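Please go over the structures that come below.
Okay, so subunit A shows up in both of these, paired with subunit B first and subunit C after.
Entry: the complex of A and B
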């Protein structure tokens, strides 16, 4: 799937994601005008909307993913969103956050950073942020998260042109988000031990972000454990289970 | 987070709170997957919550971290809280 258009300057795919009720669909409609259509993800009944926009001569396909708080393998809508990002590898993931509740919204942002997504953050409800006199240092936040942030007001369209430019810029920029969340010595030691085993399967690491795989194994994520079981030898699995514990 | 079962001093299940009550989360009991899911929804230690709607013995609507989350009564029994006067 990554053969689609990484840097050929042809078509770009951008996936929109965010918590429920952050104005995601409104941003989708603003970005795509009247061209949106409703489709289904293969095999599941969770809706996906697709549309496109053209900006600075660049065609961008936009996919609206289900609104979720998290990206576990336990809930279908979360898995749909996660599988799309992991397997389809969209050129850009636009994380739409509600600027008035960053504590809640940035949780998903961190999960997306761990997925090694090429992120653009749309900090929506910027009008409310200002009205409530919430002080958000956009430059500093962008620096900490390692991704560009665009302040938007979906209801008026404010910031949407900047958002389009940022999407295209990030799509052409090969630089990946570098910021990582440090889980402290105990967990980091576990991540390191598991990574050593993961390194024995270079083709796996080409398909999935190594640190994400290690973290998901520690969390005992069903899907990732299944995948590991099918790919690793008994000895390799034993080394992994030694870190994450038998259950 | 995942303590054995006894309810510590002053804590009570979120399910017991009436509409309009405010509280902080003190503990979540139950299987790891449930605890993780509730944490994903915003029910983390010391998170402040408010009961927006309660329909015993059915579901309840809870305000947590700037969002409204609907909870089944069973899940609401697993979240232990301490009541507070002001958010």
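Entry: the complex of A and C
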């Protein structure tokens, strides 16, 4: 996708994600106002809320994903959120984090980074962060996470205009200066050997982030294992299973 | 090339958390020393390793005391209302059949259940306050360590607590358990949590045989017994029916908040409404059936005067041998029979059978020598355990999508009820009680 042709007619999809109780719903309401519609994610009874906003002449469709702590295949909510990001490939994923408990919230952020999502981080509850005299070096944090960070206060609407601008900027700016977490020699060697097998299916790698696939296989993620099983030959699968030590 | 023998998802998660603390270490600074929030301070106490469980049990006990103390004046009020209605009927209705229907069937049956509206609403209010304040999630957290060892999942705790109100929403709340085995165990043990429908029975019996001073303690004992049975049953089911790993427990601990009167009252009303609805339909209907069976044949009972000649007495006497060893008479047998529909009906049935109004129901139970403290306690335990009510059975059918599990549940609970009540009687008699 070209970054220079700023075609305002082109639609952008942004998905909101975050831990439960971080103010995600409030941010969704602030962003989309009265344009909301409610439905279900295809095939499951997980509620899907959508809406849109127009900012700087750009129409942005917003999808509210279920609040989750992680993105495993074990819980329906997590799977729905993950599938949406992997399959629908929204232009931007807005990760809403509670600024007062970053330790816990950034875990999901790391999983989203692995998913190769175009992230914008909304650091919510900024008022509480300041009230508790917590100093957050936003520039440095943004650099380390490889994603822009906007401080927000969902309850008052502070920072929401900046968030909108940031979403549009990230959607148009496709350069990926993403942070990659080094899992240590053993795991990295495993990722490498699995990647060697994955490389034999280029069309798979076009659809899914290769490193993410390798990591999920090492984690023995049921869904990804299933998918691999259906795509690879017995020999290739045996190689993968050998690496991940699956009996 | 390396081979991994262990589950690496844990190692990967650990790496992520390590990196997160590194990043936070270099970007987040807390000025002004450690600003401790109220939540942190309260959690130091409520989540304390040693204090957590005693505090939880104390709060539970305070909750029940609160429910009974606060509701007492309202109970008196309801009693007075029904007394007044009773007088009104006696003075104005001349037809004996109609008088019997209204004063025994309607007022005796329904009235004896409606006096429990105040304590039940108070209990729901207390539960709402605990939930809204953020303590309920802590209680789940505190109990998880304990529950895990006992074969239950930490997340089962909230459904079980809801079970104190009513077992139907408790069983539905078990949907929040991702693991199918954990969910099934929670569903099957939930009916042993003492729901508010059983409360009228305890209040009546405990008030009658233990006196108002010790009734609260006796009722607390029954609730505790329910919890112990939940734990034992869960352990049994885990070992025999649902072997396998428990999934890990993650729970959000919300910030503590001052409970808001409006939302607490609204919560109370939403749940209490269900009880009122049940009282108006299923309980009322059963009370009418009980009344009908107790005054017919109309001639033989001399217009409902000689209850010993009625159909219901016949049914009671047929059942009596089963309950005789526990020291319970035919009226109790009948009360238990109709209590299968809904446990409040046990009280309503006594109301009809003894033909007295609610204020004096407890006294007449004692005057008729129906219960001693020991047989009364055993009876309370029996009512706690024996068969889930119709609504709960229907919910189990729906949630397990089978008829086998509810059938199993009925057999299991009836057997357990006989076992536990028998033990109470046996141990009591060994200790020289009668």
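In this section, the second predicted complex is superposed on the first by the 237 of 247 C-alpha atoms of A that agree within 3 Å, B and C clash if a C-alpha of one lies under 4 Å from a C-alpha of the other, contacts with A are read in each partner's own complex, and residues count from 1 in each chain.
As a convention for this text, contacts are C-beta pairs under 8 Å (C-beta built on N, C-alpha and C of every residue); 3 or more make two chains touch, one makes a residue touch a chain.
Worth saying up front: this structure is predicted, and the values here are computed from it rather than measured.
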Determine, for the superposed arrangement built on subunit A, whether subunit B and subunit C clash or fit. clash
Per the overlay, which chain contacts more subunit A residues, subunit B or subunit C? C
Name the contact category of A:21: first (subunit B only), second (subunit C only), both, or neither. both
Now for A:61: first (subunit B), second (subunit C), both, or neither, which partner does it touch? neither
Identify the partner contact of A:107: answer first if only subunit B is touched, second if only subunit C is, both if each is, neither if none is. both
According to the stated criteria, A:116 is in contact with first (subunit B), second (subunit C), both, or neither; which is it? neither
By the touch definition at the top of the document, which applies to A:98: first (subunit B), second (subunit C), both, or neither? first
Please indicate which partner A:181 is in contact with in the superposed arrangement: first for subunit B, second for subunit C, both, or neither. second
Check whether A:69 is in contact with subunit B, with subunit C, with both or with neither, and answer first, second, both or neither. both
Out of 135-143, 279-287 or 423-431, where does subunit C run into subunit B after the fit? 135-143
Subunit B and subunit C footprints on subunit A, overlapping residues: 19-21, 69, 74-75, 103, 107, 219
Subunit B to subunit A touching residues, read off their complex: 33, 36-37, 40-42, 65-67
In their complex, what parts of subunit A are in touch with subunit B? 19-21, 69-70, 72, 74-75, 98, 100-101, 103-104, 107, 219
In the complex, the residues of subunit A that touch subunit C are 19-21, 69, 74-76, 102-103, 106-107, 110-111, 132-137, 140-141, 144-145, 181, 183-184, 186-187, 189-190, 193, 215, 218-220, 242-245
Residue set of subunit C touching subunit A in the complex reads 1-9, 11-13, 15-17, 19-21, 23-24, 26-32, 35, 37, 178, 247, 250, 252, 254
